[in-house]
């Protein structure tokens, strides 16, 4: 199961390395969102080093929105080009397909995270300093939790054969309390240098694992006609 | 319903198989046995339920009611094993445009647990070795079709299922595909093919089935049925001739 | 068929009667200020009496004005209106003044000796003549939407478990009707909050937030199904989403409790000790709204059945060709 998942992830990554379509468009979107924040806050003369409470919302809003676009293309690439049946015909469990997609998405989004962080540092003169490692840890766990549920819901919106752009509507309400708020809260604490982030990290990890479990139970149902 | 006097081991069996999509019934209470090591050709107009049947047999779709056995295994709880025993060629090639022929086959090869040497073996068999490093996107449709058959044969399955193998192919490729299907049968494989190409299907098939509105309405052995006889029977059943 | 029509008719009739009775009871019978009710109380430890200046006039519901200087103790219910310094509404209950408005460091509301309530359970009265009226519709609407979404959960699970068109029809119908009630609950809740707290929404309140999220989830549920064909994988995906959506509610509640506990200056409770009359009117409202739900649900399933029947007939016609 794990090996199959890794092979599917590897396939996704090698396609991405060849085309670079998803990565380019997602990073561009991330840049556009960050720049929008930058321009919107222009008149307020807001350097994040002086307004550190803005780091967390700006960073995560960008990650979530750029990330949703990345997640959406994960299955829609297979579906629109009619490759999905090929995956479904593999002698592996449906859950392996989910896991493979999840891993590829995770890796993909981690790259997007890092680039977004660079954008935040560059455009808002924010300096993480000594909190850098903890910040990375929170970003990784938040992304894991986001991707675990996001891949499941993105599989659902593809299976439902609905029009595009339904993923935001379907995904965001499911993760408001369990990913969005804890991730932003933990990041805020790190940036302001106060408070223990363990409770938030527990929620993020717990919900990520719960999502994997739900996918295990439900993904087979989602992927059959 | 047809006579099952063709005895012998059964490769695929459906029992009271019904598939509904909401109010639409695609397959109605189908009882069918597909014999081993034989080519069964399934005909029928659009919407007859051929593709639905093939998707159910290949575990892409689940029955509304009834059961399906492949090599004696109930597909509803042996999906993985069944997928490991069947090779399925759908209308879509299921090959990634952005990867090369060899890369595509290697991916499927590993997923099916076959040795990597199988890739070159199949590329040789299908005469595509010289194009192995070309992206699927630049290959001709005939080549892609052959590759998609190679993909389905990657794990040397006992049962091969084809959905519309002759569509969107030129006559040369059709002939090649037909001779390939013949070779498969001679190699002891069970072949089920769904097509609306009457002539080609008749030529290659040994057992002829016609589906209409989710039912099998015609079942005959080619040995006992002439081509003209079959075609007129088909026209009469499906109303295509009138 | 006839029996079904009869049931529909009786349901609709009962629903109308109960709604009328509830409206009348809420307007004329229910007490204006059920003083036993303790509503959401916020207390902010950051402020002490010394920092607060006296401004404005406090009026009780009968219109009697009280000079704030005369008041010896005050309970700050909530804090707003930093700029105007005027009080929107407030009632004086003995020596306790209940004040609406957001307290800001510089401008605010106060009394000579301000006592900030430590006990959030301390009973408080309604602070606006409108809020009680809204309350009698808000609570039943919220209850009915939870009932409806519960039905979605059960029917979705049954659909996945057993299959069968009727489960899907029921889940879809209940979700759509539930969404209407949830909208009523969210909007009336916002109006209530405006009348009672002085602003429409408080994102720090777990209950408000999670109800809002539930509302979004079922908007997504209906969006997934809207315009989609009524077969293939939609019902199954919708059923899974229905289950996930309902599961999101307790998860939301749980996680936000952990989250809230990190912000100890925000305390929200909303337990009520209703007077007998108010309780009776509320029960009446719940029954009335449940009947309205049952009527709409029944009509909606009838529509869905007709759609399916028509599609079946279409298919038969195609077959006959």
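Order of writing sets the labels: A, B and C. Residues in every chain begin at 1.
The definition used in the following text is that contacts are C-beta pairs under 8 Å (C-beta built on N, C-alpha and C of every residue); 3 or more make two chains touch, one makes a residue touch a chain.
Keep in mind it's a predicted model, so treat the numbers as computed, not measured.
Q: Kindly work out which chain lies most centrally, taking the average of its C-alpha atoms as its position.
A: Central chain: A.
Q: Compute the centre of every chain as the mean of its C-alpha atoms, then state which one is farthest from the centre of chain A.
A: Comparing chain centres, B lies farthest from chain A.
Q: So which one's got more C-beta contacts, A-B or B-C?
A: A-B
Q: Between chain A and chain C, what distance separates the C-alpha centroids? Give it in angstrom.
A: Here chain A and chain C have centroids separated by 32 Å.
Q: Determine the centre-to-centre distance between chain A and chain B, using the mean Cα coordinates as centres, and give it in whole Å.
A: One centre to the other, that is 39 Å.
Q: For chain B versus chain C, what separation do you get between their C-alpha means, in angstrom?
A: Centres of chain B and chain C (C-alpha means) sit 56 Å apart.
Q: Among all residues of chain C, which ones touch two or more of the remaining chains?
A: In chain C, residues 229, 232 touch at least two other chains, as defined above.
Q: Any chance you could list the residues of chain A touching two or more other chains?
A: Residues 224-225.
Q: Within the complex, which stretch of chain A touches chain C?
A: Against chain C, chain A makes touches at 153, 156-157, 159-162, 166, 169-170, 172-174, 176-178, 181-182, 185, 195, 199-200, 202-203, 207, 210, 214, 218, 221-222, 224-225.
Q: Please name which positions on chain B make contact with chain C in the complex.
A: Going through chain B, the ones touching chain C are 20-25, 64, 213.
Q: Spell out the part of chain B that touches chain A in their complex, as residue ranges.
A: Listed in rising order, the residues are 55, 58-62, 79-81, 83-84, 88, 90, 92, 94-99, 103, 107-108, 110-113, 151, 155.
Q: Under the touch definition given earlier, write down the residues of chain A that touch chain B in their complex.
A: Residue list for chain A touching chain B: 4, 7-8, 11, 14-15, 18-19, 81-83, 85-86, 88-93, 224-225.
Q: What residues on chain C touch chain A, complex-wise?
A: Where chain C meets chain A, its residues are 160, 209-210, 213-214, 216-217, 219-220, 223-224, 227-229, 232-234, 236-238, 240-241, 244-245, 248, 251-252, 255-256, 258-259, 262.
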